[in-house]
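Structures given as structure tokens follow.
Shared chain: chain A. Partners: chain B in the first complex, chain C in the second.
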Partner chain A sequence: MGLIKTQPTVESVTEEVRKHPRDCAGLLAQLIDPNPTVRRWAARDLADCPDISAALVERLHQEADISVREVILTTLTGLGDATSVAGLVECLRSEDAARRNEAIEAMRQLPDAVAPIIRGLLADPDPDVRIFAVNILESLCHPEVERWLIEVIDRDPHVNVCGAAVDLLGEVGSGAARESLLRLKARFANEPYIRFAADLALGRLRDA
Partner chain B sequence: MKRVLIVDDAATVRLYHREILEAAHFAVEEAMNGIEGLEKALQSPFDLYLVDINMPKLDGYGFLRELRGQDLPQAPAIMISTEAESNDEQRAYVAGANLYLVKPVKPDRLLTQVRLLLGDTHP
Partner chain C sequence: MSPTFASPPTWPWGVYVTPEPAETGITISEADFQKFREFFYRKTGIQFDSSKRYFVDKRLAERIEATGSGSFRGYFMLLRFQVNGEELQALTNLMTVNETYFFREEYQFQCLVDSLLPEIVARKIDRRPIRIWVMPSSSGEEPYSIAIYLLERWAGIHRWDVEIIASDIDTRILAQARQGLYSHRSVQYLPADYLQRYFKRRAEGYQICDDLRQSVEFTRVNLSERADTRSYRDFDVIFCRNLLIYFDDVSRKTATETFYDALKPGGFICLGHSESMSRSSSLYKVRKFPSAIVYQRPLEVS
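So, the complex of A and B:
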């Protein structure tokens, strides 16, 4: 009589995973477990451990499984401390577009933590990081968003950084942006996209 | 009339490219990310895809890899990005792009490249 191996159910796998030690040291060890389910649970439960952000950030940069990365990002977003935010900023410099977009989404959830560093990101030497910083502003519920965008279109020399800012000013801009948009059109008079986007934004200003 | 799908999360960029292409008598549809783009392509394949790299949910590389893995007519794809670094360009071609352009693309250049890829020599 042959042996019949029964496949464990999802519930039993989860139960098995949850039987690992749940103390902080145990959870940290499980963060590098070969089983992504174990890593996901660890990343979730580490939220209750003190001074855990640095370890989560380190793991975030190494983690290949997108479902585990999502949980790490959720935990870091919940922590929202300076180390977590710095780790997310590093993701903006990643070669991996998916990692960059995950970090942008996470940072949009942290207006109070991101606000103090946004000017630094908007002045980063790398224009791509400045574009990602503008992307973060898209859903960042913060009263300074319009002012930051106006500063970008007044000062940034890169056409695509200004293009991203104009795109967003068309959604959130008020009459305060009018003069800056007109100056931008003059500054990039030979760029059809900037003229197009600035005209569109001018027509959409809230109190235009 | 040739059909073009614009896959880009920036509404202003989509509108800019749409107006250029429609003025040249292309039929244009839009998708806000790679997932939506794939859904539209699977419903009714397009003659050409104009694809941004950085998008939420599924980025341009992922969109093209998935598109190329489908049992669909292998229509040309232009990847358009803000990034001028050569490794992004290489990754775009590996993912299945036929051409890599850096934003912002001037109308004449976009139309020339679209027509070339579609084998359309009309001015």
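So, the complex of A and C:
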């Protein structure tokens, strides 16, 4: 017993013998394997397969094991194409808070893919989806974030959507947001929270 | 994985002798820097923010000169299109920072012998070795510290076999680790009797004894490469200290997912004292032991 001695020329970490071929068809089949470890590896390796986003999105919606879902989300984030993003958008409408949060987290990492659709999300008929869209902007590295937030506080009729946007403007807002913040205060003159948050944001404007 | 050296805690000034950009006459423009950092991130996961411009420029200038590329453009073409990837590896070695010492953050080794290993052996149903993975290996201080700790402070070492594997992206630092030669500064926190027992005095400092050198297997691994990490499985404990703090969010998440599959169910991962798993993954269970907080892959999930 004790510390195992190594031989300089032999590595104990060697590639194991494959049970299944790791071609795309084989990996797709493993995506529904009963063993979550097999599913995780398949989801990881499918990143190298062409046109795979739709199958991953489909699996994401069915997958019950969070450890597999996390890997699928990471792979979709890496792919970052329109199908992946559309799949993530569907998750925003899920009744399951964990799935919504996972999608928000993933979309924050995809500024280039999310940018073309963000205005659509911010104009969604469902105010919850609009709030999630503002949540995505919270960590989205994109130069238009402030402009999108300004549009929200200028136009959105829902107090909670505007509340989320004004909170974030307190962080990222510049002088360009000043007029809109003042208009927002006037528009929601009977909402103490909006007045408070708008004042706070006005006080913090970057080049104020 | 994605080692991201946005802000290495210590700079290896004095370790690597690199010419000033001015000395080499090579200039790296802002556009070059942006182009390089995107490429380097994609290949290695290591990300440099603008505050590391000076550090990056110096090392690029050194390699442009060493390879005779003449300009950034020529060098960048070499990096991108060289079939064997030798230059990318040489540059990666230069860009990664390696500084550590024996018994750094010792409380985690204490946690290993007092809490983690007793729990691991209590639920073990086979006689296979206990496997420990240290990533990054750096110059070897951490894996060798673990080996010494096990021999000195864990009675179970007489009943169980332990396998220690230490990996790093930097091949040069791995060669250094295998050689096991250390400065006085590196061993200063070791008890004197350990120093006497496990080291040989050399003109340049101290060399770890042959027995211990053979007790750690050093391997080259890029955490960002699935092909590199795929065969790393069935570990009982992973030490990944002060590495993930340099990663961006996506890379950190990918790394924690890689570790999840490298661990046995119930296996533990020890991060650096300022690091937390909570931002990157909800897969792990937080375990509070008397000497440290560590993360555990849940037992119930197969």
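Note that in this section the second predicted complex is superposed on the first by the 189 of 208 C-alpha atoms of A that agree within 3 Å, B and C clash if a C-alpha of one lies under 4 Å from a C-alpha of the other, contacts with A are read in each partner's own complex, and residues count from 1 in each chain.
Assume a residue touches a chain if its C-beta (ideal position, glycine included) is under 8 Å from a C-beta of that chain, and two chains touch if they have at least 3 such contacts.
Bear in mind that the values here come from a model prediction, so they are computed numbers and not experimental data.
Visitor: Name the contact category of A:D65: first (chain B only), second (chain C only), both, or neither.
Guide: The answer is second: A:D65 touches chain C but not chain B.
Visitor: Could you say whether A:I194 touches chain B, chain C, both of them, or neither, answering first, second, both or neither?
Guide: first
Visitor: Does chain B (first) or chain C (second) touch A:R40, or do both, or does neither?
Guide: second
Visitor: Does chain B (first) or chain C (second) touch A:T77, or do both, or does neither?
Guide: So A:T77 only meets chain C here.
Visitor: Given the touch rule stated above, what does A:G163 touch, chain B (first), chain C (second), both, or neither?
Guide: It touches chain B, and chain C stays clear.
Visitor: Both chain B and chain C touch chain A; at which residues?
Guide: none
Visitor: Could you pull out which chain B residues touch chain A in their complex?
Guide: 10-13, 15-16, 19, 53-56, 59-62, 82-83, 87, 103-107
Visitor: Which bits of chain C are touching chain A when the two form their complex?
Guide: 129, 147, 150-151, 157-165, 178, 211-212, 214-217, 219, 226, 230-232, 249-250, 253-254, 257, 260-261, 281-283, 301-302
Visitor: Quick check: in the complex, which residue numbers of chain A touch chain C?
Guide: Residues in contact with chain C: 1-6, 8, 11-16, 35-37, 40-41, 44-45, 47, 65-67, 70-71, 74, 77-78, 109.
Visitor: Please output the residues of chain A touching chain B within their complex, sorted ascending.
Guide: On the chain A side, the touching residues are 95, 97-98, 100-101, 104-105, 127-128, 131-132, 135, 159-160, 163-164, 166-167, 170, 191-194, 196-197, 200-201.
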